[in-house]
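Please see the structure below; I have some questions.
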Amino acid sequence: MRKYAIIGVGHVGATIAYTLVCKGIADELILIDTNVGKARAEQLDLQDAQARLDSRTIIKINDYSELTDADILFITSGNIHALDHASGNRWAEFEYTRKIVQDIAPKVKATGFNGVVIDTMNPCDAITHYFQRATGLSRQQVFGTGTFLDTARMQKVVAEVFDCDPKNVTGYVYGEHGESQFSAWSTVQVNGIPITELAKTNDLDLDALEAEARHGGWAVHSGKGYTSFAIATCAVKLSEAVFANARLACPVSAYSDRFETYIGQPAIIGKDGVESVTTLALTNDEETKFQASANTIIEKFHAFDDVLAQQANQQQEKRA
Amino acid sequence: MRKYAIIGVGHVGATIAYTLVCKGIADELILIDTNVGKARAEQLDLQDAQARLDSRTIIKINDYSELTDADILFITSGNIHALDHASGNRWAEFEYTRKIVQDIAPKVKATGFNGVVIDTMNPCDAITHYFQRATGLSRQQVFGTGTFLDTARMQKVVAEVFDCDPKNVTGYVYGEHGESQFSAWSTVQVNGIPITELAKTNDLDLDALEAEARHGGWAVHSGKGYTSFAIATCAVKLSEAVFANARLACPVSAYSDRFETYIGQPAIIGKDGVESVTTLALTNDEETKFQASANTIIEKFHAFDDVLAQQANQQQEKRA
Amino acid sequence: MRKYAIIGVGHVGATIAYTLVCKGIADELILIDTNVGKARAEQLDLQDAQARLDSRTIIKINDYSELTDADILFITSGNIHALDHASGNRWAEFEYTRKIVQDIAPKVKATGFNGVVIDTMNPCDAITHYFQRATGLSRQQVFGTGTFLDTARMQKVVAEVFDCDPKNVTGYVYGEHGESQFSAWSTVQVNGIPITELAKTNDLDLDALEAEARHGGWAVHSGKGYTSFAIATCAVKLSEAVFANARLACPVSAYSDRFETYIGQPAIIGKDGVESVTTLALTNDEETKFQASANTIIEKFHAFDDVLAQQANQQQEKRA
Amino acid sequence: MRKYAIIGVGHVGATIAYTLVCKGIADELILIDTNVGKARAEQLDLQDAQARLDSRTIIKINDYSELTDADILFITSGNIHALDHASGNRWAEFEYTRKIVQDIAPKVKATGFNGVVIDTMNPCDAITHYFQRATGLSRQQVFGTGTFLDTARMQKVVAEVFDCDPKNVTGYVYGEHGESQFSAWSTVQVNGIPITELAKTNDLDLDALEAEARHGGWAVHSGKGYTSFAIATCAVKLSEAVFANARLACPVSAYSDRFETYIGQPAIIGKDGVESVTTLALTNDEETKFQASANTIIEKFHAFDDVLAQQANQQQEKRA
């Protein structure tokens, strides 16, 4: 039986839930949200659809104990209004989302949950790292959608230039699911042809394409106030790779021993979550960008740790 | 090729679009909305998902001329804020949605569109009627989701009592997609057993079940601010029956020669839209309710016609 | 994880396997056949398809130990050539299939398998009974496709008369998955209207329709030498109801306390297999047919038991 | 509406039909076979499945006039027994299949069919060529599955070595769908890493892998007497790319202006069939193999043309 849980049923969580139900992927689905009325409404709306679907999914809400034997847990909470719209900076959400993790991680841990966690919360790399550390789950078991979505956007942007299916475009976006990410063009092929070669003959501005891919999320956000369909599709696809032990190659936010942080990079996704990360021969320029992106994540993550340490000290002092 | 168009990409329209794309049902999809930024954002979000889906859908926006050879047109516009939340009365939207129809009907007509129209706009029966009249499309070609959703809710509510799959519950909700609807219990079976018999031995309060089904939409609405998943699932299922010429039995808002209005009733859905309506032997009490529900729709619809006539007169007077 | 096993990869077993793989239903699939080359070939053919499917299924062959933690086991072995083509009598296969059960039941038992068994082997009711008894699995856990397929054929035959979707036809075929089965017309509705009423106004020959449904399998068999698509579709649908704990109403070969045999009748299918059987109010004539069909199964089953007892005696005598 | 036709309902054609029906891909499906009983049996078996499927497909048989407005035509006829089992040489079927084309091509032409033809008949490249020439349909509209299946097999074989999902393996098998095909290793990547590099560090025998991929069909054939699942999956996937105008990169048997023959090579598949072929920078060794494979096809095809010319002469002489 495929048993799923989702913590946070905002736009992303609810769209993941709908995808799992309408495609008959989940046999059982647990929805958890601090807004009980919202969780109940999503449950009802999905249950109302059941008579019109060929498949069936049992849907329960707001019971952490159901996580004990769940296979996949999506964490999707967020506060879209906390985003810094002007700059498009996902770190602006961190103040908010880290508190959510502080709240939910111990609850997840207490259930004895031992499945795979897929994080879509932002800033994705930092939150994935913090959630993994806070729950004590292994670094294999916990990963983020990271640049899986950014890579899809890069594929789309490139495919439009060459008027072809985005699936014809292979290769990866690396780094932070945020501003310091980069398209590793040395890994990208279009219909089997290296894009670096095509760029010469077609007079392509790869920097402009990279920027378009990077800002794809903000284009969606500015028009509808959030993003939902593509991120949900990415998250569900990763979960299916886990269930089937597919060992599918996907760029995700996975822990890097080299950088000592979670960061977007190609990995192999299977029953244990991240089975391994794949090291490709990047160009020097790409390696520099990769390092810089890792530094960005680490720096902000540590700044956050310092705040935590300060808070802990202050609390100890108060008690004393 | 399956070519779909959707006018209105609010929650319902966007969820229909996502369903068509994520399940690979549509080959081509046209999104139309007066909010161009919203239409563009939904297009981008759906296109971003394409690299992660096995199927492909070509998605275009805001070009009415694409309707010329479209097979299915969903009209889904609305203004959720126009709803009378306190009373849960869908007629409160009529002031708003009739103006939308006045705007879009001539545009649709001008394209020479000759496919099937499925309406989810509220008040569903009246808007379906008005749109059909305004476009001059046949009464077969234009129908509303009507009580297809209400019936799904009745199936769910009953299934919960008997702890079974909603698909085990057969039978129909008749009448207005609104307060005057009713569950025709004489048509309802659970696992093949008439619910009227089960009600006796199980001491069931059928009136309470009917009320729960009728107010199912408001339960969802109060928790998430709108409904989307079940209505989108219903709308998509109807469209699939049209494409496959399935001649599937569904309760929809179809034109009634007897009542001279659109109203929720069992019909056969196929390539022409409503192939026929099905007349079941209802009880006297049910017939009375059916007539009363028809009267409700007609009365409000005519009140609207009077307003239109007045407006036309006033405009003529001004010109004179 | 959805883990499936299939014993017997002839036409039915292989088509079940293909359905599970091409629709992404199974995460893991074990194929077992005494013809190792056939099992290996089906595995390879399915694996060759994997690069062209969005989903992934891990496929293993001929390892009974994999059954230990399997959720669903289909038993589908048979010898199509053993069928008595002239008479269309599935009992002709019994001589052959009972030996298969004698071979596989102890092997299944030895693995500690504790999932749900769905039997498509013929004669379906007798083989299901014998397999359940031989493995010691509960009567809930073991059931046969029985009249689930015959009911689908009845739905099709009726739908053709009324030019509608077979899904508009509700109701059940009861009894033996064989010659003594019968369409319980008192349970059948077309578009919500009792067929017994429609029969009067449309001058329908229900006996002829029943015969056409009953002989549907032979029509297929005579043209292609076997049946595969419909039976596989039925078997897969039942398995999905188990995984989702759907509590779906389906006519299957389930154990009848009243008749003390497995026999085709409406049941509720959920996580435990047969959750319950549903007793409908049949007509006197239908009750008589039901009893007669049960007698047919019991009689032949006991004749087989006598043979078994004789064999056991002879073996004891030899040893003595 | 998606309207499909299949000429030849042997194992491949019937499996294509089942895939189109069970996944709800086809709205209408025409089955044509000289063995009327077989076509009728497949129709019945598929129709019997309809009551158990959420989708519906209208299925008709043996009416060429239905091709007039069909979108996709699969030609799948063959005589598996005509194969030279010992040598695994698909040319052994040519004597048989060219006669089938001589029979069906004029009939297809007469209907005014103007959709896309996907050929799975063997020898694939030659039959595709001959069918295209005989019908006068454009070289874009007519193509063969060619090395699309061989490439899937190469992906599988390579994926097994590296214990990963076959979809992680990119690149192409070129040339004849037959013995002279070759894996263009310079185009192949595993998880984004060139296989030629991996071969060095992992001491891989690429020739052995190539041979295993090339003989994959015979491994299946020797175990089950035919191949069906993977070839049907490939054929259906190509048809979906046509319907959606996906412009999907696929290796197929497409016409080569350079070689003046149909041959397996990367192409872009869209609404017109083959939108374009893709020229990759192959190694000198690969170019030599490509030329050699083309020569093999041309030589045998011309030998066949000579036979045809002779036959035509003989017939003329007889008449004279």
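Letters A, B, C and D mark the chains as written, and numbering starts fresh at 1 in each.
One rule holds for everything that comes next: contacts are C-beta pairs under 8 Å (C-beta built on N, C-alpha and C of every residue); 3 or more make two chains touch, one makes a residue touch a chain.
The shown structure was predicted, so the numbers you read here are calculated from the model rather than taken from an experiment.
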Maximum centroid distance from subunit A, chain identifier (CA atoms): C
Cα-superposition angle relating the copies subunit D and subunit C, to nearest 5°: 180
Copies subunit C and subunit B - interface residue numbers shared by over half, same or different: same
Mean-CA-position distance for subunit D and subunit C (Å): 35
Rounded Å distance, subunit B centre to subunit C centre (Cα mean): 39
Euclidean distance of C-alpha centroids - subunit A vs subunit C, Å: 43
Residues within subunit D bordering two or more other chains: 53, 56, 165, 167, 241, 246, 248
Contact set on subunit D toward subunit A in their complex: 53-54, 163-165, 167-168, 170-172, 187, 189, 191-193, 241, 246-249, 266, 268, 278, 280-281
Interfacial residue positions of subunit A with respect to subunit C in the complex: 1-2, 24, 27-28, 55-58, 71, 240-241, 243-246, 248, 271
Contacting residues of subunit D [partner subunit C, same complex]: 14-15, 18-19, 21-23, 37-42, 44-53, 56, 148-149, 151-153, 155-156, 159, 165-167, 169, 216, 219-224, 227-230, 233-234, 237
